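Paired with subunit B in one complex and with subunit C in the other, subunit A is shared by the two complexes that follow.
Presenting the complex of A and B:
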């Protein structure tokens, strides 16, 4: 199967994959709980998706179809390199279409197209600990997770409202998984948080530098933290996509010239392309 | 004082290597009572407070807390989760240095609200209203609710710590030299405030101090400690006006009269 001689299927050796799969099983059994694992050196720097790559390498099989996105886009350096990496070391089929993929490795976005049962979403996580800016001691944060002692996170939200009038977290917005564990959803925009709630697909999170794996099984409740009188509001730029006209998708702001010109476009390139194609079909008919 | 004691300790012993920090100490505190523990530095006062509040485990002896339902809970065998819950609901701990008890990077309102949020308050408006009411109660200008504690004076920080501790209406408060490190006029004001709050809320307070004057002002009962032992105890006025043990006599005699 392997297209590059000298490498095992999907780069990692079988013992490492088994070790990661054991961590994954434990993570799925305890939704939102961070499971330590022996993170390996990967042929790319920390922060580029070493955690996500290791998770993908352990779960991918010859029949899988892989899609990799970075900030929603299929054509950025990170996405292209990782996709090419797996095409080479695992010889799997790759795609840019969300609906055709069986495994989607993502950095900082959830695809706009709703995921279905049987698909797996693998997140690249830079910092798995949601409390790390509030409590610097890892021993103490572990204890807080063990005792479900999460008052401190609400103190942070309180401070935001007192200072800014609203909860000023626009990405990596903390969530409660299954009513038990506080979890960092990786730096996805708060706009994507509602998509995690009771998602039919399996969600796996890998943090390579911090050596942690966690997971959200299908149909698990994921609730964004908020106050009764300041409910969670997903933020979205108030505009339509300049290319496909969508008013529902998450938008990137793109500067077009040096005279203040700018446009908003979908950050999910696959979603945008599909919509543009549909538009052209409609126009042709 | 006919009801059962709120907190009861018997036969507490703890050694730090060769040094006996606590030597067969027993005490009880009833609801609404203020008990002061006095003694010189190194006599085991703070260690006793830490053992009683479950922060330190004694070598021998046990501490029993009676919860509002009347059940007797062994403090050192109740498990960490239960102890933490107790610490943020029924109990409070006021540290000598407000920096130990406050979050210096969080606004005054957030500091007061933390215990409320820890026990499940999820309404921003009512948390803020409660924080404002408590700031007023401890004589801090409510306009400073969004200021950081590090911009406060020492006395204000200590009063903020008290507000933060009392906001969940605890039944038992441990105070470790709450007036230490403050100048005399600020001390007097703080003592006055603590006395009023204790009477208002019907708190039971276990107060550790080396300040005999503070003990006389606040405490109903007094325990005198030396070398890890309680050498004398009784009603505050009795102990201070008619000290029996030679060490207590020395302690009372060494208070400076202004």
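Presenting the complex of A and C:
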């Protein structure tokens, strides 16, 4: 059955969209602050990107071109099903190419191709509160954000250095937005953190289960927390992509057999494909 | 309560287009957006101001306006929003003449700064490339915005509003079918 009769454009009803739109505007006006919203039941379970889907459904229009990635890949289950969902309920064009998309919904990566003005990056966020492992009480973390009291996080980073010799956070690495709010960048690798800083595109974050929306406007300073004597260092596997040869992109390690064989390939499938195509073109010339 | 003037011809898609213009305006303060709608708002409402209210206001958001009974009826009919008697009780304020002081409006709390009012202010003209120098989130280096028809003392009130970040009021300036936004994070300097 493919009928969408009886469903509103982009699935959500207009009251819900208005509520989310109001939350989005306040989120943009207060960069990095988590705005609560009335998260709805979606036709897939919490944890599968319901926050990102509700944000996308509230902003998307018939003229948009949507790209969805899951860990950088366009062809994984989560990405394929969300892309098909919006193609069906909103009738929008979809693409796998970063440069062609007007809205990019992402789980756990920022594309390697730099984003430009006019694009919107929508993050699926499992846990919006950066302090939740250090302070489980929401009443307390709210007060810490109100007072910009982030000493607890600095202590955690210090303890990492004392114990391991370096800050041992490889993903969801906490950032300060515009020098005011501590923010969870969603579980993107720390490698991607520098891309958030002064990005020309608008960044929106939706957490469906935790019912929070937050945002980073374009060209807003986003700084990864660190210390003067232990500066932030983005981590990347020291290898080249086995398919396209890139030494700049973020790599996935892939086990190829049961005798210890392994290769590294780009996590961003679109970036890798474009580079392979360019290499083939060069070879043909 | 009755009105003969039309609202959005296509409420779903027109509200979506208006919201994207608003989102773009709020995320790039001082950039002027154009709204093309088929709205016929009652005088003295401008196309843009009327579209903003129809896009965002509903039964959850008390609206305060000084636009008169005709405009208030039109808003209640099309948006279904309750009308607030006093500016302090409003989520959205639509001002066609001198607005209530920014300091009197809901500014949220330090813990919940998002529980704050949005002021939709009609002005005579909006033009990019001249006038104020805007800086802050959403702006690469500086945006210039010329606003004509603002009440006296707006800049001083804005400076005070900006200084109490994260609390504060956000403003949407509307002129005809054009709009520009001033989120509380934006700093304004005179040229």
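Just so it is clear, the second predicted complex is superposed on the first by the 282 of 285 C-alpha atoms of A that agree within 3 Å, B and C clash if a C-alpha of one lies under 4 Å from a C-alpha of the other, contacts with A are read in each partner's own complex, and residues count from 1 in each chain.
Here, a residue touches a chain if its C-beta (ideal position, glycine included) is under 8 Å from a C-beta of that chain, and two chains touch if they have at least 3 such contacts.
The structure displayed is predicted, hence computed values, not measured ones.
In the superposition on chain A, A:8 contacts subunit C only, with no contact to subunit B. Using the contact criterion defined above for the overlaid structures, shared-chain residue A:279 touches neither subunit B nor subunit C, since it reaches no partner.
By the touch criterion stated above, A:247 is placed in contact with neither subunit B nor subunit C. Using the contact criterion defined above for the overlaid structures, shared-chain residue A:84 touches neither subunit B nor subunit C, since it reaches no partner. Of the two partner chains placed around the shared chain by superposition, subunit B and subunit C are both touched by A:147.
By the document's definition of touching, of the two partners only subunit C reaches A:35; subunit B does not. Within the superposed three-chain model, A:229 lies in touch with subunit B and out of touch with subunit C [touch as defined at top].
In the superposition on chain A, A:163 makes contact with subunit B only, not with subunit C. Measured by the number of subunit A residues touched, the leading partner among subunit B and subunit C is C. Put simply, subunit A uses residues 143, 146-147 to touch subunit B in one complex and subunit C in the other. Here subunit C touches subunit A in the complex through residues 11-13, 15-17, 19-20, 22-23, 26-28, 55-58, 60-61, 109-114, 116, 118, 137-140, 165-166, 170, 183-185, going by the rule given at the top.
If you check the complex, the residues on subunit A that touch subunit C are 8-10, 14-15, 17-19, 21-31, 33, 35-36, 58-62, 142-143, 145-147, 178, 180-181, 198, 200, 202, 215-220. On the side of subunit A, the complex with subunit B involves touching residues 143, 146-147, 149, 151-152, 154-155, 158-159, 161-163, 226-230. Residues 80-81, 84, 88, 103, 106-107, 109-110, 113-115, 117-119, 122-125, 127-128, 145-146 of subunit B are the ones touching subunit A in the complex.
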